[in-house]
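In what follows, chain A forms one complex with chain B and a second complex with chain C.
Moving on, here comes the complex of A and B:
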């Protein structure tokens, strides 16, 4: 097992180098850069700024400078914020994380429940109704869903704030603060959950359907176990196994922010910042963040693979 | 200053693009209604201030906020030191704390700011600013001529990384400081604590405001200053000390920027105790409607106007922007060397229909490169007419003759023109109409839509024939024409210009007398009509709503709301 982990860790190195090459050179192909976007600069001033930011160096050389800094843990300096990239990301990433985590937990819990119930009651009224509902939610574009929810719950009913993370100008501390944030959290989490549930619920339903038709489930029933125990203990556990891989993919999503939903709910998350960085071509921020997500993706894949081995003895390596 | 405004316009464009993207759902419906709009006569909306009909309808959320005023703003970059920011929104934040020596009023004229008056010498080369009595920074330290000197010196520093080009003012000794060994700038003389005299090498009507900008405290920003090293300043970008109506309190990234009333402000402490810029990523309407914002600028169109009327508690303000929109020619292309061709492209485009269809009366067709808000504006020059027959005649004269397939040809080359524009916005309406218009003239218009940054990069490369742009807010009419100068470094106008035009442009800043300048601009605008550098498109309106519980917002096309913040007042809506 240890040897396996070590080998897998070694494989990460070429993967990450490949990712860094792709990220750097793809971004360098994008037309326009931070300095050019100011139409009013004179050519002289532009040249000065080019030199200042290092844009005048050849691409290859810039790549090695970038990767060299990266290895020392330096993500670079955001042009737009004039602060180190990790500091900028640190300002925004946690608020993205809270929303993503809350909606992740909700999505999985509800999706598992729906998946199980619609599998054991296949083709029932509940199954059909829920299928239509989750597909409808999944098929609605996030901005539309978001705006409808704002219109209904924030503007018309006034139950929840229309956006932001705290009440503007408030000075709450302690519990009042957490309560305030939680109130602002409801609508964006609702939207993200509605968007995410459909696919997952269908996934669990299919897995569950497959599992409950298998022999060991029949055996469990035959030996007189209660239906609840059969479904939730024997069948569900097996149906959940493939989901571990899926769960691995969710890890980077926890940090990557939801660009559109954040924008609509004015949530100070990293998705919105990323979008803004792109419009002004703040390359250090863009590259640093993309690289960070790439790193998370690679690691979460590794973790998923290892966990899979823990959960399912059949694929365990010795 | 220019940089800030430019980015502000750019960001507005981006915002509009995002909004346009959000509207796509309705696009099929939209198209049909636009068609019917085309048939109706759209009348231009006048600048107006409309009082709220039912101020009592103001949401409880807003009424509960007794001493705080909240305004929406796009996320700033967090560089709150004037002259150092790259984002225009940082400029908005700065203007709350940093009033300039010389302010601009709603007609684009200079009025006193921190300086209570100024003198310009006979030869118009020396500017003497007289600061107000007893000026203090918001940390309580005095603001004196020394701070003015420090600010101007800083801008001349060889390592200054920002976008303000102070050398344009040509201060005597300025270049010696920037590029040479000089220890100070010989043209700047402190007469006494509140008087400073600055000598320049060349008459430039813009120098008064360029030199009379926002002031940085020498005691605060100048601590540890050594020529050639400004890196230490980056630690102060998030801790600004200014002399404005409000003092900086805190910046919560992605959420808000808080200010409190400054008791040291020269015009007295503002009545409102707290002012907040709430940062917004997208639409602001819902926040205004639920009362979270007290002031909100909206895209100027009939729908948004009706929205403000419907909610009842909004004081509505419609004013004209000082910017103008245009479509630039690629002057390096052989095709556009002939002014007749350019004139034909202008006459052959039905600008009125395009502007009316898109802005629904909240914009007018531009006739000269300056907005009607400016003192330099005149209706007598330039035309806004659509005359395809005349356009065809001009093309014939230029040697472009009808080809077999309806597309004109000259020496075997087809008249195919590539037009670049940013996605969304005006382009959605302009493209189909322009294609139709130009097809009638025998021009094949090919369109490419892209994001704004890519547009700039490709225009710089010279890939385009035509490209759409808008200017930034133009505090001086000269800014609207400076790029037409052959010495201008702007990539958009490469290849344009002649000695005659250059001379006329220079003449517009060669005097400080406003009447003489008007005349100079008139002469220039006439010459530009003969030899057009761009297709002038539009002067747009700005629409804003204020919650009736707040009084004092007086937005204008030059400074936005910043110069009126000191007058903010919270009133009980039921009494007003």
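Moving on, here comes the complex of A and C:
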């Protein structure tokens, strides 16, 4: 096991180097930069800023400067915010995290429930209905779902605010503040939950269908256990176990921000900041953020693989 | 009486026997799947709607009409008109042409790249495998949307005419789409190459080209058909997202995604839902049909294949 982890960690190094090269050179191919986007600058000032930000250096040299700083834990300096990138990300990541966490919890709870019920009542009306909903959720573009939800719940019914994180111009404190944020949270969380539930519910349904056919479930029934105990205690546990690997894959999503949903709901998270940084070509922020996500993805894949071995000891990790 | 029914039964049997080639069976199983057929039916409809439909539209050559701006749906304009007085229904058909073409084109390209690289990596292993799969790994560590945004920005610099933008979008989508497919194909090839029929080709001393094209490739076709079908839906969704953010197909070419940008204006969003809801519904119905058909194909091709 230790040897396996060590080997996997070694394998991460070329992948991450590859990712850093790809990220850096792709961004360096993107036309325009932060300095050029400001029309009011004189040519001398531009040259000065070019020198200050190191834009006048050759690409290869800039890559090594960037990667050198990265290895020392320095993600760079955001041009647009005039602050270190890690500080900017730190400021925005938590609002993304709240949305992601709330929808993650909701998604899993509802998906498990739906999966279990439609598995034990396979081909029932409920099962068919759920299957249709699942397909519907997987076929809707996220931005369109967001727009429809805003139109329906915020514009037509007026139940929830259409966007932002707090009511503009308000300065609530204490409970009133939390309540305000919670109200703004509802619709983005609803969208992310609706989008995520489909695949997961199907996954649990399949797992549950497999488990329910096994002998130990028949034994549990034969012992005269109540159906509820059989399903939720004996069967569900075994159906849940393989899903912990999926949990590993969900990890990056908790911090990466939902670019589209945050943009639609004007939610001040890292996803929205990414889009904003993209329009003004704030490369240090863009590269730092993308590299951060790549790092998270790589590690969460490793965690998922390790968890897979924990969930099913028959899987040998070598 | 009786003998005729026996004969009929016999002929049925013969018929059944005749069509029970592998693909005959697949088609038979698919024909029994009403849900998949409904998906197929809608897809045929949407193709006719998009490619033949505009020929019947009285507004096809009219284009901009300053006398009919922002009209709500009526008998003359079933889905109303937009800010330039263009008929929304006609635009929806033309947009369908582009969105469907992009979806199909991106699928063909990513399946081709994914299949070729996957087969080469799985068959030759060693250094080829390392290069292909590490590249795929790297591409998969970067989240799809930022990657698409970057590529879109880079490629807009090439100043391609808007008519050709759709090919750029196809290339982008297939660059993001191939790694997953290559992985699937590679793992299939890794298990196939240990099977006896491949050992037999070794023993016969067949050339690599024949082994790969005549013996390995046909065995990945079922996998390619299923994941290819499902990837069309994904490509249409990605195209609509990119176009919505102004990075995919750009006006004056219409795609379902860029028609929804109408929702970005507050007045259109609140007061003129006919501008942006129909294209959204079109995307939704098309993708759901593709997924249902793909799912049906998977069940028909290999009933034991694990559903996910």
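A few points about this structure:
Criterion: the second predicted complex is superposed on the first by the 271 of 318 C-alpha atoms of A that agree within 3 Å, B and C clash if a C-alpha of one lies under 4 Å from a C-alpha of the other, contacts with A are read in each partner's own complex, and residues count from 1 in each chain.
The working rule: a contact is a pair of C-beta atoms (placed from the backbone, for glycine too) under 8 Å apart; a residue touches a chain by one contact, two chains touch by 3 or more.
Since this is a predicted model, take the numbers as computed values, not measurements.
In the superposed model, A:161 lies in contact with chain B only, and not with chain C. By the touch criterion stated above, A:69 is placed in contact with neither chain B nor chain C. Put chain B and chain C next to each other and count what each touches on chain A; the higher total goes to B.
In the superposition on chain A, A:29 makes contact with chain C only, not with chain B. In the superposed pair of complexes, A:144 makes contact with chain B and with chain C alike.
Touch criterion not met for A:245: it reaches neither chain B nor chain C. Judged by the touch definition given at the top, the superposed model places A:95 against chain B, while chain C stays out of reach. Residue contacts after overlaying the shared chain place A:183 against neither chain B nor chain C. Legend: residue contacts after superposition of the two complexes on their common chain; A:280 is shown touching chain B, with no touch to chain C.
Taken together, the two structures place residues 30-31, 141, 143-144, 147, 151, 155, 263 of chain A in contact with chain B in one case and with chain C in the other.
Residues 2-3, 6-7, 10-11, 14, 18, 21-22, 25, 59, 65, 68, 70, 75, 77-79, 84, 86-87, 161, 163, 165, 234, 237, 252-256, 258, 274, 276, 278-283, 286-287, 289-290, 292, 451-454, 456-458, 460, 469, 472, 489-492 of chain B are the ones that touch chain A when the two sit in their complex.
Partner chain A is touched in their complex by these residues of chain C: 134-135, 137-143, 145-147, 149-151, 153-154, 156-157, 233, 237, 240-241, 244-245, 257, 260, 263, 269-270, 273, 276-277, 280, 283-285, 287-288, 291-292, 306-308. Those residues of chain A lying in contact with chain B across their complex are 30-34, 36-45, 49, 52, 79-83, 91-92, 95, 141, 143-144, 147, 150-151, 154-155, 158, 161-166, 168-169, 262-264, 266-269, 272-273, 276, 279-281. Chain A makes touch with chain C in their complex at residues 14-16, 18-19, 22-23, 26-27, 29-31, 135-136, 138-144, 147-148, 151, 155, 199, 202-203, 206, 252, 256, 259-260, 263, 274, 278, 286, 290, 293-294, 297-298.
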